[in-house]
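Pasting a structure below so you can have a look.
Each chain gets a letter, A, B, C and D, in the order it is written, and its residues are counted from 1.
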Amino acid sequence: MEKQKFPKRKRIPVAVLGATGAVGQRFVSLLDNHPWFQVVALTGSDRAVGQKYADACHWILANPMPEWARDLTVVPTTPMKIDAPLVFSALPASAAREAEPLYAQSGIAVCSNASAFRREPDVPLLLPEVNPEHTQIVLKQKQTRDWLGYIITNPNCTITGLTITLKPLLESFGLKRVFIVSMQAVSGAGYPGVSSVDILGNVVPYIYENEEGNMEWEPRKMLGTLQNESLELANFDISAHANRVPVPEGHLVCLSVELQQPGTLSEVAEAMRNFLAPAISRDLPSAPKAVIHLRAEPDRPQPRLDIMAGNGMTTSVGRLRPDPIFDYKMVILSHNTIRGAAGGSLYNAELLVEQGFIP
Amino acid sequence: MEKQKFPKRKRIPVAVLGATGAVGQRFVSLLDNHPWFQVVALTGSDRAVGQKYADACHWILANPMPEWARDLTVVPTTPMKIDAPLVFSALPASAAREAEPLYAQSGIAVCSNASAFRREPDVPLLLPEVNPEHTQIVLKQKQTRDWLGYIITNPNCTITGLTITLKPLLESFGLKRVFIVSMQAVSGAGYPGVSSVDILGNVVPYIYENEEGNMEWEPRKMLGTLQNESLELANFDISAHANRVPVPEGHLVCLSVELQQPGTLSEVAEAMRNFLAPAISRDLPSAPKAVIHLRAEPDRPQPRLDIMAGNGMTTSVGRLRPDPIFDYKMVILSHNTIRGAAGGSLYNAELLVEQGFIP
Amino acid sequence: MEKQKFPKRKRIPVAVLGATGAVGQRFVSLLDNHPWFQVVALTGSDRAVGQKYADACHWILANPMPEWARDLTVVPTTPMKIDAPLVFSALPASAAREAEPLYAQSGIAVCSNASAFRREPDVPLLLPEVNPEHTQIVLKQKQTRDWLGYIITNPNCTITGLTITLKPLLESFGLKRVFIVSMQAVSGAGYPGVSSVDILGNVVPYIYENEEGNMEWEPRKMLGTLQNESLELANFDISAHANRVPVPEGHLVCLSVELQQPGTLSEVAEAMRNFLAPAISRDLPSAPKAVIHLRAEPDRPQPRLDIMAGNGMTTSVGRLRPDPIFDYKMVILSHNTIRGAAGGSLYNAELLVEQGFIP
Amino acid sequence: MEKQKFPKRKRIPVAVLGATGAVGQRFVSLLDNHPWFQVVALTGSDRAVGQKYADACHWILANPMPEWARDLTVVPTTPMKIDAPLVFSALPASAAREAEPLYAQSGIAVCSNASAFRREPDVPLLLPEVNPEHTQIVLKQKQTRDWLGYIITNPNCTITGLTITLKPLLESFGLKRVFIVSMQAVSGAGYPGVSSVDILGNVVPYIYENEEGNMEWEPRKMLGTLQNESLELANFDISAHANRVPVPEGHLVCLSVELQQPGTLSEVAEAMRNFLAPAISRDLPSAPKAVIHLRAEPDRPQPRLDIMAGNGMTTSVGRLRPDPIFDYKMVILSHNTIRGAAGGSLYNAELLVEQGFIP
C-alpha cells in the first residue's frame, strides 16, 4: 500500500485482537509500515496462543505476510496481556462482546470491526468521511459505563460504500427512500467462510439472519445527528436485499434513491464527484485521495477492475441514471476487507489520534 | 427431459431457425422426442449451410446432441426453403427482423425467441401461464400486414419468471410499483457471449444498452389487457437494475413490490402457491406441474440447486418477507435458456396448437 | 437417475452411516427407488441424532431430497442400532476406523467409501468392472478377524476412472509406467470442504498429505491378482500429481502410459472402446451401459459436458494420442461423488448380492 | 510496478504493435514510467485506427490505463509509420508473420510476443535468465535475410516458467526426460478469448492444435547451444499435456523430471534456490530480484497468492519431492501475461539495449 508522507512522530504501540482470521490478517497487512502505529502484539484463539504468528496463521492474502509479524508469538485475547493504548479488534461478534469491554474498561481505545456493539447508542459507528463528530459520544460512553477507555466501531462492510455515497446526497438534497440490493464477495464471510460447494457458479440470496436488518439501520445511525450528546437516527427509509456472489473481494450495491429536494442528474453527479471528507479526516494516512470516484463508463464499477481504487479506500460509483420510480439509480463498489473492515478501522483510529482521543 | 404422456397425434413438422447457436441448441434438445412436433429442418448461417448439424455446431449443452439431429444438413435461413407450418426462431435480433416476416408472410407460424418484434403492438409477447388470450391479436397482425402466417414472441429471459410471479399478485391485489435487480447467468448472452476474462470472479453491472428498459416495459405488455383488439399496457411502474454474474444457467431477480390492495404475508404466499395457469395452458406438454414453487427455506432459490425445477419450466420463488418501503420482498429464479427462451417458445407453440392457430 | 428394469425381488433393508454429509447425501439420492435396496435407517453425528433427516441435513445436491428420507429420524452410528444385513458407510476415516469393525463383527456387510481400511490386505478394494473376484478375500477377512460380517471398500475417487481405464490396457498390452496428474473437483473434499476463499479463480496443487501416495498405490492393489487367497500388487509404477480446481463435480486425470507390449493407437483405442465389465458385473442395476466412452473430439472429456455419462457411472476417455516419452497420452474423466464414491459403493453392494455374499 | 532506480539516460522511443489487445494492453501498462523506453506510437487494427487509444481499447486490466496513453491516436500497423528504433509486437500470429519482417527490414528491432517466427532457426527465442547469448544469431538473421533490423521472440507463456526452472537443473545435473502438465489461465487466450460458457466450473483439456507440440519443442531451443552461429537443440525429451482452467492469471505446471546425473533433494533445491541470471541480465529494469522463488509450503505456489512475486517476473516453484518414476516432482507458477508475455518481451529489449543491439 503506497502511503503518503507524514511528519514523523513516535509511533503508537498497537495490538490486533483476533489476528489470525481473515480480517485480522488484513489488519496486519495494512499496519505494515504504518507511519503512526506499530504492532506490539497479536492475539489469537487457544489453538494459536504460544505459536509464532507465521505458524499459527493460514495466511490467505496475496500480499505476503510482513516479516516483522512472522516471529511474533501469538498471545491470548483474554486475560488481557497487552501493553498498548490502542487495539484493533478483528474478533468474532461473540468473542468481541466479551473481550472488548475488558480492554475498554482498563483504559484502552478499542477500534472494532466486530458487530457486537454497533447498535449501542453510546458507541460511535464511525466513517471518518461521514461522521467524525460522532466520536464525541465516547465521553458519554466512558462516563456511563465507568470505563477508562472506550469502544468505537466501523459499520457492516456492505453498507460502508453506500453510506459514503449517501452522505453528499443527504447534504445536498435530503433523502427520503433508499432501495439497495447487494452482491457480496465471499471474503466478507471470513475464512473458511463460504463453502466452495455452495458458491461456485451460484448466487446465494442470503447472508445471515440479520444482515438485511443491519443494512437498513446502520446507515441511519451514521447519517444521524448528535443532539444533546445523543445520536438521533437520520429520518429516511431503507429496503435491502443481500446476496452472496462468487467474487473474491468487493461488495457491489445497486441503489435506487428518492431525494427530498429535486436535483438534476448533473447536480447529483457533482455532489458526489465533489464530495470531500470533513477537514479533520481529509489528510490522515489512510484517507484516499478521492472519497468517491464517479465513473462515466456504462459498465463500471466492477469488482475485478475497480476494487483497489485509492488503495482499496475509495468508493467507486457508476451507472448514475434516472430511476422510473425513485429519482436516481446507481451502482456502488467498495472493498469489503479494506474500506469495509480493517482499513476502515485503521482510518477510524487515525481520526481518534488526530482528535486527541488517543493519549 | 421427462415428458408427461399425451395422446398420440400426427406430429407437426417444424424447423429451427438459427439452430447452431446457444438457444438454437436448446430448441433442438427440447424438441427431442417431443410428442407433437418433429424437426424437419435446421437453419444456420452461411458458414454452417451445407454441413451436417453435428459438424456445423459447437454443441455446448450437457445433454448430448440428439442422434436424429447429427446428420441433418443445415439449410439457409433465407431464402426460405422450409416446408413446415411452424418454425422456432433462435435468430439474433437483426437476422430475425429480416427473416421472420418472410416466413410469416408465406403462411408460417413463427414462434420467436428474438427481441426484434417484441415491441410491436400487434405481436403477442406470450407466456401461456399469464396471457394466453393475447394470441388473439395475431388475427389483426395477419390482416394489417397482409400475412398468411404470423409471429409470436416470448419475452426477455430475465423478466419471464418475474412476470409469472407478478401475475397472481396482480390478480389478487393489484400492482402499484415494482423494484427489481437481476443477477443474470452467462448463458443469457449466447455463445461465445461473455468473455471469461470479464466475468471470472466478477460481477458486471450492465447487460446491454436497453436491457433495463425492456425489463421495465415487457411485463406491462404481458400483464396488459386486450381492449378492442388492442393491447393496453398494465398500469404499474417498474424500476430495474441488471447485472451479469458468473453463473452458468439461471437468472435470479430480487423483487420488492407495492400492491394496490393490502394483503397479509400468508395471503400473498397463498396467491403465488395456488396459482394455476389458465385452463387452456395447464396440460400442454411443456407445462410444468407447478407454475410457481414457493420455497420456505431462508436461502433459496439458488441457481445451482433449483434451476431444473419442473424440468426448467417452474418459476421458483423464495425469501418472501415484508419490505420496509413497499409491501413485500422476495427472490425469483427462472431457467433462462429453458423457461426464458427455447422452452418458453415451445410452450407457446403448444398453446397455439391447442388454440387451433396451427393448421 | 434412470434405472434399467430388473426382476422384482424383495428389497434388502440397508442403512447409510454418516448420511448427512456430502457422500451420505449422494447415497440417499442414489438409493431412491433402487430396485434391490430399501433404506431403513440413516445415521449421523451427535448433533444430528434424534432429528428428522430433513432438519438434520444441509442438503447440497441439485436433485431434491427423496420424500421418504425427509421424515426418517437420524440414529447414532454407535452404539449400533441398525437392523439390516448391509450398510453403506459414508463416515469420515477416523469414525470409520472405529465403527465399521463393530458392524462387520456383528454380521453386517459394510460397503465403505471411507479410506480407513483400503490398505488392509484382507479388505477388497473393489471396482466391479475391474476386480470382482477380489471379493473372495472377505472369507479370509471374516476368518482372520473372527467377524460374522465383513468390510469391502471402494477406492479413492481420483483413481477410480484411471483404474478402469488401465484395466483393458493391462489385459491387452501390460503396463510398465504410468504418469498421472489430477484436476479434482471441490466436491471431492466433502462439505463444507474447500473454502471458496482458497479456490475461486485458483488452483491448489495439493489435496491432503497422502493423496498422491494413495493414487500411486491403490490402482496396483485393484489390478493385482489373487494368489493363494492373498492379493499380489500389480507390478507397474505410478507417479501422481494431485491438484484441486474450481470445478463442482468431476475429477479429470491426464495420463501418460508406457505399455509392456507394443500396441498401435487404434489397437489401444479398440481395447478401451470394447472393454466390457466381467460378466457377473455387467447387468447389475448400477452398471453403466458403456464402461468406457472413448471420445474422438480434440477437447473432450470435460467435467461440465461429460460428467453425467452413463448416469455418472461411465468413465469418459479422450485425447488419445502418442506420447513422446511413454507410449500414449490421454485424458480421463470420472464422476467423483457418483462413480468415485456413493455410486461405486452401491455397485459393489449389487455385486455382493449377485455373488451371494449378502444373506 | 515498483521499479528499481536506474541511471537516467535518454529514453528510447518505442512503439507497441497491436496495442489494443490483451497483451498489447499489458505492454502499455508495463511501459508506464519505464526508465529506458518511451512509447511514441500505438498501432491497431482498421477498426481502431484514427481513434484515441482510450476510445479504441476495451481496457481489461485492473491497473488503470496510463494517462499518457489515453490520448494517443492509434496508427495502422501497416503501412509502417513508426519512427522508433524498437517496437514491441503483440500482434496475432498471422498479422505478425506479415508485418514484423517489414519492420525488421527497415532497420527496426522487433521484440515479438507472437508465435510466428519462434521456430525460425535464425530467430532467437529469448529468456534473459536462460540464454542471453542467443541474441548473437540476429547477426546471421540480418545477413541472411538482408534486413537492417531483426526479430527476436519470447516463448510460449506456458513454458516460460518451466524453462527457467529447467535451466539450473540442466546446468547442475543434466536433463533426460521431462513430463509436464499445464493448467493455464484464461488470459493466456487473449481477449475475448475463452467463452465463459466453456470454462465456468470446468476444465478444458485442450488449448489449440499445436500448443503441446510447442511446449515439447521450445524449451529445447532455449536450452540449446550456439554452435558455429547455429542453434543446436538441447538433447532431452519432453511430454506435455495442456489444460485450460478457470483462473484469471497464472499458468501452473506440474513437472516430473529425470536428471542425467544424480542429485539429492537438497542439492536440487539449492540449484534452483541459488540460480542467478547471467550477469548481463541480472540488473536490468525488469529483472526480478529472485529468478526462482522456491517455496517450502506443502500447497504452494498458487496463482491467487503467488502470481505477483517479483512484480510478476519471478518464477515460483514448490512441492519439490521425489518422483517414483523419474527423479523429482515439483510445481511451477509463472505470470502468463507479465513474465510469459509483455514483461518478458520488455526484459528481452532491455537485454538488447545492454548488449548494444539497439542503436
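To be clear about the criterion, a residue touches a chain if its C-beta (ideal position, glycine included) is under 8 Å from a C-beta of that chain, and two chains touch if they have at least 3 such contacts.
Quantities reported herein were computed from a predicted structural model and do not represent experimental measurements.
Shared contact partners of subunit A and subunit C, listed by label: B, D. Relative to subunit D, the most remote chain by averaged C-alpha coordinates is B. Across the two interfaces under comparison, B-D and A-B, the one joined by more C-beta contacts turns out to be A-B.
Annotation: 42 Å between the Cα-based centres of subunit A and subunit B.
Averaged C-alpha coordinates put the centre of subunit A at 40 Å from the centre of subunit D. For the pair subunit B and subunit D, the distance between mean C-alpha positions equals 47 Å.
Contact with two or more other chains is made by residues 60, 198, 200-201, 246-248, 304-305 of subunit A. Listing the residues of subunit B that touch subunit D in their complex gives 22, 60, 186-187, 191-201, 246-248.
On the side of subunit D, the complex with subunit A involves touching residues 60-62, 200-201, 248, 304-305, 307-308. Listed in rising order, the residues of subunit D touching subunit C in the complex are 177, 179, 181, 183, 198, 200-206, 209, 216, 237-239, 241, 243, 245-248, 252, 254, 256, 298-305, 318-319, 323-326, 329, 331.
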